[in-house]
Amino acid sequence: MSGTGPSVSRRGLLKTGLLALPALAGSRFLSAWISSPDAAAANAAEPTVIATVYDPSLHDWAFACDATRCIGCGLCVEACKLENHVPLEPELNRTWVERHTVTEDGSVLIDSPHAGIDGFPPESTAEGAEGRNAREAYFVPRLCMQCDSPPCVSVCPVSATYKSEDGVVLVDADRCIGCGYCVVACPYGARYIVPSGEATPAGESGVADKCTFCYHRITRGQQPACVQVCPVDARVFGDRNDPASAVNVAISDERARVLKPEQGTEPRVFYLGLEGEES
Amino acid sequence: MAVHVSAHDLIEAPRTVLWAVRLEVISQPRPLKLWLAFLSVLCLVGAVGALISLPPGWEVFGTSPSFEWGILITAYVFFAITTSGLCLSSSLGTVFGIERFLPLEKRHAILALLSLITAFGIIALDLHFPVRMVFGAVLSPSPFSPMWWMGVFYGAYLVFLMAEVGSMFTGHWSIHRLSCVLSSITAIFAPLTLGAVFAVLAAHPFWHGALTPPYMILSAFVSGTALLGIVFYCVYRFRLTDFERTPTLTMPALRFLLSLGLAATVVLLAMKIVSGLQSTIPGLAEATEALVAGPLALPFWVLRIGLGLVVPLVLLIVPRTRTPIGLLAASCLAYVGLFADRTLFVHTGQMVPTTASAGVVSSPFAEYTPTLVELSIVIGAFAFVALVYTLAERYLDMTPHFGHRRLPVEIEVTAWVPAPTEGVL
Amino acid sequence: MTRRESLRGAVSRLKGRGADALRAIPLRPTRPTTARGASRAALKVAALVAALAVALFVVGSAAAAFYDQYGFHPERNARSWAALEPSYADQGICQTCHAAQHASQAASRHHAVSCESCHGPLAAHAADEASTSLPLEEPPATICATCHASSSGKPVGFPQVELATHYRSGVCRACHDAHSTAVVRPPEVSHPLGNLPACITCHKPEGLKALPTGHERAADAVCLGCHAVGADGLHAGER
């Protein structure tokens, strides 16, 4: 017997390799128990009540705004800020109200003083509105469209923003890098970057934020804050899977349309009363 | 003990590194010292700006939800496409072996690497969480996102450039050849993805469309060639390594490439403007009109078209101005014109809002003014590239490896090359 | 010819210099020939297998834990959004304590206005037994103007008032009850208003007609803000 060479045969090595596969698989399952301390803490913090009671695949949330009913009181803007810790600066809003003033030649002038949070002055403050006669004017509540084909989701380089199963586009604040690509990509201007000194409800500044349809409320069976405080039912929210829901009634109205349909974003927010506008 | 630093011998035997540095600085010619001191001051200004803007200090930027991409993004785009352009122009020599372009060899690689590092530095300052970008791009990739592809390609480009520059100075020529080929291929795709970052945004009709990525490649080509024009004028003027072939070989080559690039730019820009003015897409006609006849008309016509396209083309084509100084002037103007073009591009795309942004209705135009911090970072970035490249030019061996062996030693000197003066560097 | 020799022959037929190098490697390992040698070999194999399994287990679970924490888990992030606490209370919870106000509002023109539209976020108030014993803060006097101030853009049928000419603006509650929307209009002045001394001449505590409680002593303009009769017989400022 020569002393050179290893005492382990090639066959032995092959056997070890085959044994390693179940070892690897077993370790994957075991790691679900022995996850890192941070992950364990994060998992412990989420209340199991929500996880067990709410099933996102059963719901299909949608929204409808009625411009013929909106009175421009701005209570929705204030309620959203109070409910969702939106920065109080007037330049950062998850939802806002616009006044569309249609002049005699058909052009639409838009003004939104402080996003409408303090209501609106008697006359339009839009650029070029002074002295021009208005054929008609109406208020248009605006928020994230929670598009079914969202440009913001497809452009995020780190997949920080995503669409949940029930149709709401959300932002993972721990993953967002603050590049602002989604802010630039949104055709409806629904997003903003949280300034330093402020924090999203998730506790981060410098990340993208937007309307979440008050996800923490709708998963508990409540209405979004803006819908709840609207005094004239200009905002309607509901589940499209429920045939009797108010939002289905609103969407099935023949006047119902979406904003900027030519962008191909397939919004979930429908508008009534905007028939006169092109987009 | 004599210390030999590439092409340059130090004067005395140094006792310590600091002593060597001090001796070296003393021995530098005065103009060089002034130039390096000037650049160092600008770098310091940039460094101060960068420190101020570190998280969570990003409020010092002038961006807002209606104007999220400002001059830092412009500068990043500019440096990134310059990198690609350098490799595009010099690939004719390094990849295709066309002898005219071989002298560009080492210099373009160093410049490209510097430019890309600067680009990454600027974007790291603009991103709020740059470290997350690296991890996020790997752990949760987003193949539908042009920005993800841009990160992939420019990251790969950085690796290839480092291999190219490293192998260039350690003498691994087979690795160098391979990395030159890979860099040149990436240099085509990377600005394409950078253009796609803008081109996919239907929300900004000025950026949207299939014309933007090729326009970005073309801008890369022009910017890289212009930068090489400036560099090679300095090589010629200060009689740096391998300057003898510059007026007869490199400069005509660069002149040719630059005029080609500028001519193609004229065509594409005209297409963009004409189609934009006639468009019925909401917001596009207004944006193009704002550029050619609105608030941006003056910088557009004077800086971009006049000084950035027409004058350089004239300087390059007219025989009287086909001199080294003419090339320098044309390159400088084309370079500045290209920076103006990037700024105008990014600005016009966001200037005409098609919707209120986070509740703010900007009418008729969204406003953005770069803050002092942003400007200082951009100035510092340019100064950094110039400073490190000057030091590289002085202390590294820029003798082309491939070009040197293939061409004859004796070269005829034409009439308009001035008589040799005392070497400055 | 032994197997070893035939294999060597095959190797020697290979072209290239690798054949010589290959010849240097023994093609078959040395097999243990004694019982003790065999058991030692078996132990070595077992130890190697165990070490490999442990190493794979550690690396695998570390990688999996890393992905678990840093990987892409959108459903987990959605649950963390769902776990936030609401500030606005459940609609309908107010009436469990405030049944009277709710009843008066349910039959009024404000029946569609939720309590929190005027009273602000009340989830904490509804959940906290200590706070429910305190009286609820009244909304500011300007709350009515938020909806009812006239401006261009409001639907035509919506009740709006031009506040500058509508009685004394800012004291809406003097005449209007917010929950029942009942309006208690100030009584019309029964005498014409031209060429009269100041209202306070007669309407003083010891005078001809006393001032009712709640009416502060103010200038005539204040009195006339509510009590003047318009030219068409309606109250001044009313649409």
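Lettered A, B and C in written order, each chain numbered from 1.
In this section, a contact is a pair of C-beta atoms (placed from the backbone, for glycine too) under 8 Å apart; a residue touches a chain by one contact, two chains touch by 3 or more.
These numbers come from a predicted model, not from an experiment.
Enquirer: Should the pattern of chain-chain touching be classed as line, ring, star, complete or other?
Expert: Drawn as a graph, the chains make a fully connected set, so complete.
Enquirer: Would you identify the chain whose C-alpha centroid lies closest to the centroid of all protein C-alpha atoms displayed?
Expert: Answer for the innermost chain: A.
Enquirer: Please state whether A-C or A-B has more C-beta contact pairs across its interface.
Expert: When A-B is set beside A-C, the one with more contacts is A-C.
Enquirer: Chain B to chain C: how many Å between their CA centres?
Expert: Computed from C-alpha means, the inter-chain centre distance equals 47 Å.
Enquirer: Where the CA atoms of chain A average out and where those of chain C average out, how many Å apart are those spots?
Expert: About 12 Å separates the centre of chain A from that of chain C.
Enquirer: Once you find the CA centre of chain A and the CA centre of chain B, what distance in Å lies between them?
Expert: Using C-alpha averages as centres, the distance is 38 Å.
Enquirer: For chain C, jot down the residues that touch at least 2 other chains.
Expert: Residues 72.
Enquirer: Can you list the residues of chain B that touch 2 or more other chains?
Expert: In chain B, 140 touch at least two other chains.
Enquirer: Send over the residues of chain A in touch with two or more other chains.
Expert: Counting only residues that touch two or more other chains, chain A contributes 159, 175.
Enquirer: In their shared complex, at which residues does chain A touch chain C?
Expert: These residues of chain A touch chain C: 1-9, 12, 15-16, 19-20, 23-24, 26-28, 30-32, 34-36, 38-39, 42, 45-47, 50-51, 54, 56, 68-75, 79, 82-83, 99-101, 118-124, 134, 137-139, 159, 162, 164-165, 168, 170, 172, 174-175, 201-202, 212, 214-217, 219-220, 222-223, 225, 228-233.
Enquirer: If we count contacts the way the header does, which residues on chain C are in touch with chain B in the complex?
Expert: Residues in contact with chain B: 67, 70-72.
Enquirer: Across the complex, what residues on chain B touch chain C?
Expert: Of all residues in chain B, those touching chain C are 135, 139-140.
Enquirer: What part of chain B is in contact with chain A in the complex they form?
Expert: 55-59, 63-66, 68-69, 126-130, 132-133, 136-137, 140-142, 144-148, 150-151, 197, 200-204, 282, 350, 353-361, 363-364
Enquirer: Spell out the residues on chain C that touch chain A in their complex, using ranges where they run on.
Expert: It is residues 25-26, 29-33, 41, 44-45, 48-49, 52-53, 56-62, 64-66, 68-69, 72, 74-88, 90-91, 110, 112-114, 116-117, 120-121, 145-147, 149-155, 158 of chain C that touch chain A.
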